[in-house]
Amino acid sequence: MNTTTSKSSLEPQNSLKNRVAIIGASGYGGIQSVSLLKDHPYFKLTFLGGNSSVGKRWNNLFPFLRLNSDPIIENAETEIISKKADYVILSLPNGLASQLVPSLLERGLRVIDLSADYRYRSLDKWCEVYVNEASKWNRKDHDLCQEAVYGLTEWHTSNISKARIVSCPGCFPTASLLPLLPFLKQGLIEYEGIIIDAKTGTSGGGRTPKESMLLSESSESISPYGVVGHRHTSEIEQLASEISGQNIQVQFTPHLVPMVRGLLSTVYGRLRDPGLTAEDSRTVLETVYRNQPHIDILPVGVYPATKWVRQTNKAMLSVQVDQRTGRIVLMSAIDNLIKGQAGQGIQNLNLMAGLEQYTGLLSSTFYP
Amino acid sequence: MNTTTSKSSLEPQNSLKNRVAIIGASGYGGIQSVSLLKDHPYFKLTFLGGNSSVGKRWNNLFPFLRLNSDPIIENAETEIISKKADYVILSLPNGLASQLVPSLLERGLRVIDLSADYRYRSLDKWCEVYVNEASKWNRKDHDLCQEAVYGLTEWHTSNISKARIVSCPGCFPTASLLPLLPFLKQGLIEYEGIIIDAKTGTSGGGRTPKESMLLSESSESISPYGVVGHRHTSEIEQLASEISGQNIQVQFTPHLVPMVRGLLSTVYGRLRDPGLTAEDSRTVLETVYRNQPHIDILPVGVYPATKWVRQTNKAMLSVQVDQRTGRIVLMSAIDNLIKGQAGQGIQNLNLMAGLEQYTGLLSSTFYP
Amino acid sequence: MNTTTSKSSLEPQNSLKNRVAIIGASGYGGIQSVSLLKDHPYFKLTFLGGNSSVGKRWNNLFPFLRLNSDPIIENAETEIISKKADYVILSLPNGLASQLVPSLLERGLRVIDLSADYRYRSLDKWCEVYVNEASKWNRKDHDLCQEAVYGLTEWHTSNISKARIVSCPGCFPTASLLPLLPFLKQGLIEYEGIIIDAKTGTSGGGRTPKESMLLSESSESISPYGVVGHRHTSEIEQLASEISGQNIQVQFTPHLVPMVRGLLSTVYGRLRDPGLTAEDSRTVLETVYRNQPHIDILPVGVYPATKWVRQTNKAMLSVQVDQRTGRIVLMSAIDNLIKGQAGQGIQNLNLMAGLEQYTGLLSSTFYP
Amino acid sequence: MNTTTSKSSLEPQNSLKNRVAIIGASGYGGIQSVSLLKDHPYFKLTFLGGNSSVGKRWNNLFPFLRLNSDPIIENAETEIISKKADYVILSLPNGLASQLVPSLLERGLRVIDLSADYRYRSLDKWCEVYVNEASKWNRKDHDLCQEAVYGLTEWHTSNISKARIVSCPGCFPTASLLPLLPFLKQGLIEYEGIIIDAKTGTSGGGRTPKESMLLSESSESISPYGVVGHRHTSEIEQLASEISGQNIQVQFTPHLVPMVRGLLSTVYGRLRDPGLTAEDSRTVLETVYRNQPHIDILPVGVYPATKWVRQTNKAMLSVQVDQRTGRIVLMSAIDNLIKGQAGQGIQNLNLMAGLEQYTGLLSSTFYP
């Protein structure tokens, strides 16, 4: 392993604005981003930044994801990044991105942030929800919180195209909001009493070793966690309130499922019009997403399995109605690491660069 | 394999009323029942009845569950069963039990039925919910539907002790009703709008091969099924209504989880008194179940994992309250094949024989 | 589901020889083939043949693998196939392919067979090894057995390019032969005493429901099967003998592993020259496969995980030497459904059409 | 959590020699030991020693394995242990046990060590194999290495009964030696060229978080590790050589399997008498183990699945012979945490206390 070489062996600069830096490359978000950009028809990986892996060659760390250039992982110095890249994907622990973003923007880079740092329009809200991170990092970037575009791609497409900084949604908000927003926007369901019961694979917990994420511990078991007060609650509520024009509160409960990838959100609401059928409701979804080839609306009675979207950037949505109780059940499956994280990042990056939004993203899984 | 021998090599009769027959011995319910009775301090297995495996020796079929007597699996003829057993456990497809039960009771046997055949007080209701089975089997046993005791042990203990026939609850009703009933009974939650989001391992789907239950299909995936109208809905509503004295309707959605055993039910309701805290709610559960060593009420903030109850007859309950939304979240984990099926059967059998109800049942799992 | 439409809605004919029919499209081999050809830059899917699914629309059966043309699955009539396709991929139970191949070749089609029907140069050998199939199907196609090219791509590249029929190797032979052949060819290991201990995921057992392949049965367990006399033994020996010029016998034992995809073969042999080091041995592999971008030779001391090659057409090889015992340990990981089945089929199809052999095949996995 | 209470609330002393201390109680070995002793008919748990968990109450750490006494985990001070216990089970990282054992023995306690510290008759050998541990801990207890009995129970029964210290075998040696030793002892197989290909679940890697043991990393994958030179090689060779009277060298390769528990060893050897059949070989095993109810010899053609022995103290053995190659294939399945670790510890403890060796140990699994 060559740890002394200081210059990167990555691609040289070019005149196109297509050079991408990934910071936090060896976590799951980073690995996905590398996977997706490695053979991307437009973008080129020109900088890989890390922390504990600085100085190591990528191919030694990831023999299963070889890069022809076999780059060395570097320190995330914004000065250097700005010379080597046009775009930066940040895949870092919460709080850390906010320390780099102001300097990156100043130097003219455009930023995709996969953390929660810019998901709230209000820095105060962030400080309230991410209280530990707020006490660790002293943030003053109120303006950037206002400026950042919340990157739920299908809902903020045009703003994303022009953004300097896009803050990608959490995995749970992505899966939960996609089926819910059309009904909230059109006022078809009651604003009160929305229940979101979500289920995620273990890769959502990241690559840093934790006892609870060991195969021995999490295999052959399902359990709830973060019951009442999980941080994604507020993120869901922010956009749901914005779209509906109401103050929405949701009851959100995540569960850990013994699988690597995949996230399923089951959302319960009450219909305003008890006569609305499942087919009607399906039409609502179909209409909103008809030009989105990566949003699949399943036939009534077909329910999504997370395996069906694994490694793709798709969301598969289904809706059912219980005439008896007047309730609607919305189901949404995504790959937590792709549409729920790095894939949505690339989708946004594509828009920022003026490309077709699904460029370089898988639209169907390898089954089984 | 000796398929010509016609007489069973099982235990001879004795004067105690402790002889048990299991019909449907080679499905998962049957295998669990054999496991639990094999070394039971009181009961003796004296008859194993089957269908496709008739004539085969048990130990050839189940080298991992050897019985010293190595019995031959026999046809379920009630005349013969009545000579060899005092109690019968029926672990059969829905509809089939009803063809045996009248004759078994007539001959003086006492019956534990693991199917749905006697779970409804009204035969008409059964015919409505189990419409396919009803069209296949011509049932006239209205009286037995009335007589049968619904075997949610902790709630019908004294009736079970005296019953001729106990109908054991489904796995989802067991897990869902245990945390919910105390709140319904005391009128602490609203009768409308109860949501039950449940998650089960694949063994709930039985041992008969189905494409959707192949490891290749169901591993690394989670999906909802039977959304709106799953048959356990009506079963949950029957007892919930009876205990509350109200006409309760619930929204029940099961999900298939990539694990062998285990069932988690997450139940959402609205508190009548918004001031009720999580600790208060925990006390409600603690009070109702304080004399039930197999019902564990977890501390507030500790949430049950199905792995914690695997292979035991326990239910682990936890409760959380969201003061902000006025909602209560009840969580309940069981082993679907034990407390959710055969274990509760043995628990009821113990009561019928005048034994301590947990005799022969595991109270703690092997972890991990 | 539209079952009355009789004409296919698949692509029209064109002048390029790029139309492919898949027969047996709804098994795992067929599904992979569809996945790989769906977005292939050269080939077009023009016919999907099935059996139990005839008359059904593809997108109804496979909502997770939508085809724009939403074709209807048709009967495999060779007359019709010959009008719609230039190439045929057969993914059928053993014995069945032999009933179609003569007629397909007569009509000028070129065939990729994924079954075992043409893996032996001698029909007599096939009848001996596949004795049940031989008694069911009356085969007389001695000549075709002689003509068919054994499609271990890296070893028969030029013959494959010109072949009318390519018989793709079994998954175990593919994984086991790739690391072994270089040492046999160069006479570096003893011809006697080769041990192959192989491990496969459950998808190798196919999509037809079997009790032993249920998640409930095969999860959380590993077991050997087909010990002594598994049919892939003779297939491994045929090519090993051909390449070495010796009569090679191997001891082959497969094991079933609780995972969907992936196959690992651990091969033990004795070095002829006890001084040969692990690095030397690695060089042997490196030299043979240096122009094969889909064969990765790992550094000494790095051992392949099947997860590293999942969904790719790669084989990852590693070698270690025990100076103390004079033994060599060869390790080889593939995806049993891709390089072990349909992917190698497409690799061969690419060669037959004069394309670069890896066209349309993934070279890196999505991790984790 | 009460961390201030300094006195244990565990059982008081009694006159029987039945008090057991467990040191290292919160690792997997410790947890199993607690599970097995919790309801043991003879032994009582009177001391739980730990490291990072000192001062915490057991039931807070392990809500799924409640002890009525809810003991506090204590520092492992030998003086205190000697007052509270008659026997000590050590479940500690390698090297650490050797720091406690001399003092424990001096104080009259009898010791079951689950680590590798006393598995070699020669301290020099230990220092050679466990070189890192040897450099960390300065050991001089040559005599104790000589005195310690290697606790492969079925082979050293009488010595174990009288021992002051029993060193329990590793999981791989246990599984591999049980089927192999009878053939070595009787000289039925060649002493050279024995190959052991073993497969273990992840719990063998312990409870300390490691990246490679995360579900996200190890699920859906199989890989070899420790190829050539794994430390259990020398342990297997020591007893194999002792029993055969020859200098035995084996080729041992472990593999990591995506399951929690279970270990399968596939052992290959060459028969001296090529006429020995599988049935003959089965008789060899049957004869040696006929009085061992926890060693199951499966019928020829039935191969063990690790699921069949999960949570039991059983070893399931099977043998097959390839007349064509003159080779024997031995298969052996155990639960790595029970017969491969803590269960064998209790089996030995039973013997030391004069009890029937299988007291308190499960003989059949809960299936599936």
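Odds and ends about this structure:
When the chains are written out, they are named A, B, C and D in that same order, and each has its own residue count from 1.
Methods note: a residue touches a chain if its C-beta (ideal position, glycine included) is under 8 Å from a C-beta of that chain, and two chains touch if they have at least 3 such contacts.
All values derive from a computational prediction rather than experimental measurement.
With respect to chain A, maximal separation of chain centres occurs for D (centres as means of Cα atoms). The chain pair with more C-beta contacts between its two chains, of B-C and A-B, is A-B. Inter-chain spacing, taken between the CA centroids of chain B and chain C, is 45 Å. Centre-to-centre separation of chain A and chain B, using mean CA positions: 41 Å.
Looking at chain B, one finds that residues 28, 201, 203, 207, 216-217, 219-220, 258-261, 305, 307-308, 368 touch two or more other chains. Those residues of chain D lying in contact with chain C across their complex are 193, 195, 197, 199, 201, 216-217, 219-225, 227-229, 249-251, 253, 255, 257-262, 264, 266, 268, 270, 303-308, 310, 320-322, 324-325, 327, 329, 331, 333, 368. For chain C in complex with chain B, the touching residues are 28, 201-203, 205, 207-211, 213-220, 258-260. Residues 28, 31-32, 35, 38, 62-66, 203, 207, 219-220, 260-261, 296, 298-299, 302, 305, 307-309, 311, 316, 364-368 of chain A are the ones touching chain C in the complex.
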